[in-house]
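Each of the next two complexes has chain A plus one other chain: chain B in the first, chain C in the second.
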Partner chain A sequence: MSGPELLLWARGTGLQIAVAIFLFGLLARFVELWLLGRKTDLSVARASAVGPGLRTVVSRSLPMPGALKQTPLVFLGGYVFHLGFLATLLFYVPHIHFLRSILGFGWPGLPPFLIDVIGLVTIATLIALLVQRFTDPVRRFLSRADDYVAWTVTFLPLLSGYVAFHRLGTDYTLMLALHILSVELLLIVIPFTKLMHMFTFALARWYNGAIAGRKGVRV
Partner chain B sequence: MADNQTVGETLASRGISRRTFLKFCATMTSLLALPPGMAEVMAETLARTRRQSVIWLSFQECTGCTESLTRSHSPTLESLLFDAISLDYHHTLQAAAGDAAERARVQAMQDNAGKYLVIVDGSIPLKDGGVYSTIAGHSNLDMLKETAAGAAAIIAVGTCATYGGLPHANPNPTGAVAVSDIIKDKPIVNVPGCPPIATVITGVVAHFLTLGTLPELDSLGRPKVFFGDTIHDRCYRRPFYDQGKFAKTFDDEGARSGWCLYELGCKGPTTHNACATVKWNGGTSFPIESGHPCLGCSEPNFWDAGSFYQALSAKTLPLSAHAGAALAVGAAAGVAVGLVSRAKKKAAARQHTRVSADDLEKGGGA
Partner chain C sequence: MSTPAERATNAFLEQIDRPTAAFFESCVHCGMCAHACLFYTETGDPQYTPIHKLEPMRRVWEREFTLFGRVKKWLGLSKPLSEAELKTWEPLVYDSCTLCGRCSLTCPVGNDIVYMVRKMREGMVAAGIAPDGLKEASIRAVRVGSPMGVTLQALKAQIAHAEKDVGLKIPLDQEGAEYLLLMSSAEIMQFPEFMGAAAKIFAQAGVSWTLCSTAFEATNSGIQIGSSDIAAQLVQRIVDGAEKLKVKTVISPECGHAYTALRWEGPNLIGRPYPFKVQHILEVLDELRAAGKLQTEGMEEAKLTFHDPCQIVRRGGVVEQPRNLLRMVASNFVEMEDPGIYNWCCGGGGGVSANERAEPLRIKVFSRKKHQLDQLGVSTVVTACSNCRNMLEEGLEHNHMQVSVLSLTEMLAEHLKE
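What follows is the complex of A and B.
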């Protein structure tokens, strides 16, 4: 398959397959979580669960006091990577046009040179986090295959995007096709790995906060 | 034009001075990325060359490729150079018709066996035995195979002949294919474009006449010298792309200021052609210069690559049906997995042995 044919497939049939698997996996996992359910709490609620639940979603997303000193790379790298990934995904003009073609609406983008810098920093941060995972004996011990899968499928869109952005390599069309395919791989993998946390993190934080709030614990 | 005239004699008889001819050769040498010294070699060789026999086959096409060559800005040296070859068969341009025309083709094939050039525009329909396009009772497929057999080389001009083009577009009712899908044993140069640039066609012919070889080709069979860069690489509006300045509509401030047309669907980043450098209409302009996004007409399947006016990154096929089906199947799968997990949970709970305080005391406790 030549570059143009691969690009056309990636933008058409490939995207249809990836979106279908992504949505299938996403809904299947949410329905399963919902059906598993929790036992009804028969005790009288001491306080409302809603406020603490929402507060916890926010508070657990903010820096934990002392974390910067304890694990500076995870602390800084975690924020830099997550925000950088979201910024390049949501504010690069061609990406906005991609999302607009699916969602039906768009928003203003950032200038390309900013996306370039953010992309590079994000890539460097991901590499640093991987190196730390390898070199730190505890992290290495705790890491399983799916951690490395999650890292790889997150890294590939960034790397291929950066290469395509700067027109490195011989064929831009092919690089663009590979970039879109790498995003499709990410979409397919998300529901079935730890990457699902991009949707469940809020639910888990809400649940922790709400259960404490109901018992009257101040959060 | 007598058949034994050289190209130089023909051009001279047309009032083309040697100076003008040298300028043409210098330009052509530069466009073909040949060393500067080759300009003189090209001039000498071309001037001495006996008229090259060319058979032009027009299949499923709109004659735009021929128009591009002959009518773009007449008279040009490019079109005159084409007069200087022996165009032995071209059913749009030749005076002969019917059997006489077909005899001319067969005669040229016999007289110049192994040496003639075949230029093809238009795609070849294969469905239902190729009945969708026939010339003098021959299917395009038969005529191409027969003519290609004795050719020195084939130049496929236009996107139809190179990649199938419009006839090949979904749903391709005639089963149209490109020349290179049929002919495998002859050198083929692809000069895509809808239409292709006249200078590029002439450049390939000049290269063949001068050096006796075909120019270096890329993976899609296109001459690298003309198709090595993308429109985007050479676009004069590129700085606006790099600065993130885009026209949002065809009549907004950005469009009037000449900003980048990416958001209006420009396919320049993935389109390989020489429009931005060679330009059209005697070097006047190219589509982007006239405020219209590049359609990507020199790339395979450009008709099927989504809307001309949707950004390059946008999806090309609808997603809602697939998404709906995926959600339905996903919900069903979730219910199935959820119920199985719940049954497991309940079964595990049932197997718990209830222990009362009495049981503990009965046990005698430690």
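What follows is the complex of A and C.
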């Protein structure tokens, strides 16, 4: 398959397959989660669970007092990587054009040089986090195949995007095709790995905040 | 006859609910929970990372409740739980976890890790794999009525002593009293001043109260070992006693897990709400203070601090009350680093103090509390849990520290206006 053919397939059939698996996977994960259910708590609540639950969904983005000092790289790396990934995904003008073709509306993008810097910083941060996963005793101890798979499929769209952005390599069309394919790989993998946390984190934080909140504790 | 591993698996299947699944699904292995856990911070051993303590239960969740896990199981790519695996995890889930819940506060995806450790212990009990000390305490609690084997006769002897000490009647089985006071075995046998202190405070406040001959023990070994059956049986005794005496409020004493057991888990364990209120003694005292019924005089001038018992503060929601009360009688009260809901455990909660095997580790991780106290340079640490009190005293002695440990209730009683 030549570069243009591959690009055409990636944008058409490839994308359709990836999105279908992604959506089916998500649906399956949410159904299996929902079916588990939860018992009603019969103890008398000290306070409402709703406010603290919702609050924790947002507030847990901030470190617990003292935690930033203990694991600065995990925190700062975590912030930079998540925000950087979202910025390049949502504010690079060609991405906005692509999303507009699906959603029917768009939004202003960031200037290319800024995307360039953010992309590079994000890539560097991801590499630093991987190195930490290998070297830090706790993170090395906890890491399983799932963690490295998730890292790889998150890293590839950034790397291929960066290469295509700078038109490195000889065949731009091929690079673009590979970039799109890497995103499709990411979509397919999300529902079956820890990357699911991008959806379930809100639920987890909600439960944590609500469980503590009904006891009158703000976590 | 099913194997221990099968029984544990079945217990896990029963325990895993939607929050548990949401937590497991969200974990990204960032390892931050390690830094919130004193068993990691004081030893530097990664095996004490809180989320790792749940691995057997997580595997059951993945294998039985996720699409991918079921496919892997069907293809023979995942192994069922084994007894050896559970035995390996026993020290992790019992010796190195005090159910303090600090990890649940730091997790960036919001996992309530200790909520799951409590569930994991149910599976361990189902498999019959738990520390001997906890098993024995549970058996004594069921058979004798107290994990330390305190009998009604012993209680009556202590009541007689306390009555002589404070010159007040300590009511037993008085129907229609407003408050039913429970006590922990430690309070009855080791710290009997507590009973007298309560008698003095209630006499001054003019409230009616009683002890109950069939429900005097507040502690609940079932909660610690992780057996809902035992826990329910022990809660039921208290409920029966309170209903028999028709009291309005049952007071959970200066004990951490007793409050969790009775206040938060109890109604769920027995499957119905109570016809009475449950309050921690500090809640009652703070209400009396607010109503002007707790009148004190004189101030402790020595620099002192408060050790927050995990189950009362972080997991119980009684945060401001001890501070309000302390300010009444202490002019130089200072907070530790990480106070209130962020406090570090004494190291002996969640059944660790009843587990002899865990003692060297428990003494080792006391270094966190030592550091907190050294920073302040206090001569006194006040607390509101008799188990914390014991752990603090042991740890201080081990480290040759000249710090005295006081009960907040007893301290208030010392300062009552005559």
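Keep this in mind: the second predicted complex is superposed on the first by the 216 of 219 C-alpha atoms of A that agree within 3 Å, B and C clash if a C-alpha of one lies under 4 Å from a C-alpha of the other, contacts with A are read in each partner's own complex, and residues count from 1 in each chain.
Just so it is clear, a residue touches a chain if its C-beta (ideal position, glycine included) is under 8 Å from a C-beta of that chain, and two chains touch if they have at least 3 such contacts.
What you see is a predicted model; the values in this text were computed from it and never measured.
A.B. asks: For A:137, select first, second, both or neither according to whether it touches chain B, chain C, the two together, or no partner.
C.D. replies: So A:137 only meets chain C here.
A.B. asks: According to the stated criteria, A:46 is in contact with first (chain B), second (chain C), both, or neither; which is it?
C.D. replies: In the superposition, A:46 contacts chain C only.
A.B. asks: Touch check for A:78: first (chain B), second (chain C), both, or neither?
C.D. replies: Only chain C; A:78 stays clear of chain B.
A.B. asks: A:207 in the overlay: touching chain B, chain C, both, or neither? Say first, second, both or neither.
C.D. replies: Only chain C; A:207 stays clear of chain B.
A.B. asks: Which partner does A:12 reach: the first (chain B), the second (chain C), both, or neither?
C.D. replies: A:12 sits against chain B, while chain C stays out of touch.
A.B. asks: Identify the partner contact of A:70: answer first if only chain B is touched, second if only chain C is, both if each is, neither if none is.
C.D. replies: After superposing on A, A:70 lies in contact with chain C but is clear of chain B.
A.B. asks: Using the superposition on chain A described above, determine whether A:152 touches chain B (first), chain C (second), both, or neither.
C.D. replies: After superposing on A, A:152 lies clear of both chain B and chain C.
A.B. asks: Between chain C and chain B, which one touches more residues of chain A when both complexes sit on the common chain A?
C.D. replies: C
A.B. asks: Which of the two partners, first being chain B and second being chain C, lies in contact with A:94: first, second, both, or neither?
C.D. replies: Only chain B is touched by A:94; chain C is not.
A.B. asks: Do any residues of chain A touch both chain B and chain C, and if so, which are they?
C.D. replies: 25, 28-29, 32-34, 36-37
A.B. asks: Any idea which chain A residues touch chain C in the complex?
C.D. replies: These residues of chain A touch chain C: 25, 28-29, 32-34, 36-39, 41-44, 46-47, 56-57, 60-61, 63-67, 70-71, 74, 78, 136-144, 147, 150, 192, 194, 196-197, 200-201, 203-209, 211-212, 215-219.
A.B. asks: Of all residues in chain A, which touch chain B in the complex?
C.D. replies: Per the touch definition, chain A meets chain B at residues 2-5, 7-8, 11-13, 15-17, 19-37, 93-95, 97-98, 100-102, 109-113, 167, 172-173, 176.
A.B. asks: For chain C, which residues count as touching chain A in their complex?
C.D. replies: Touching chain A: residues 16-23, 25-32, 34-36, 40, 44, 46-47, 49, 51-52, 65-68, 104-112, 115, 263-268, 271-273, 277, 314-317, 319, 337-338, 341-342 of chain C.
A.B. asks: Within their complex, state which residues of chain B touch chain A.
C.D. replies: 219-220, 230, 232-233, 241-244, 246, 262-263, 269-270, 299-301, 304-306, 310-317, 319, 322-323, 325-327, 329-331, 333-335, 337-339, 341-342, 345
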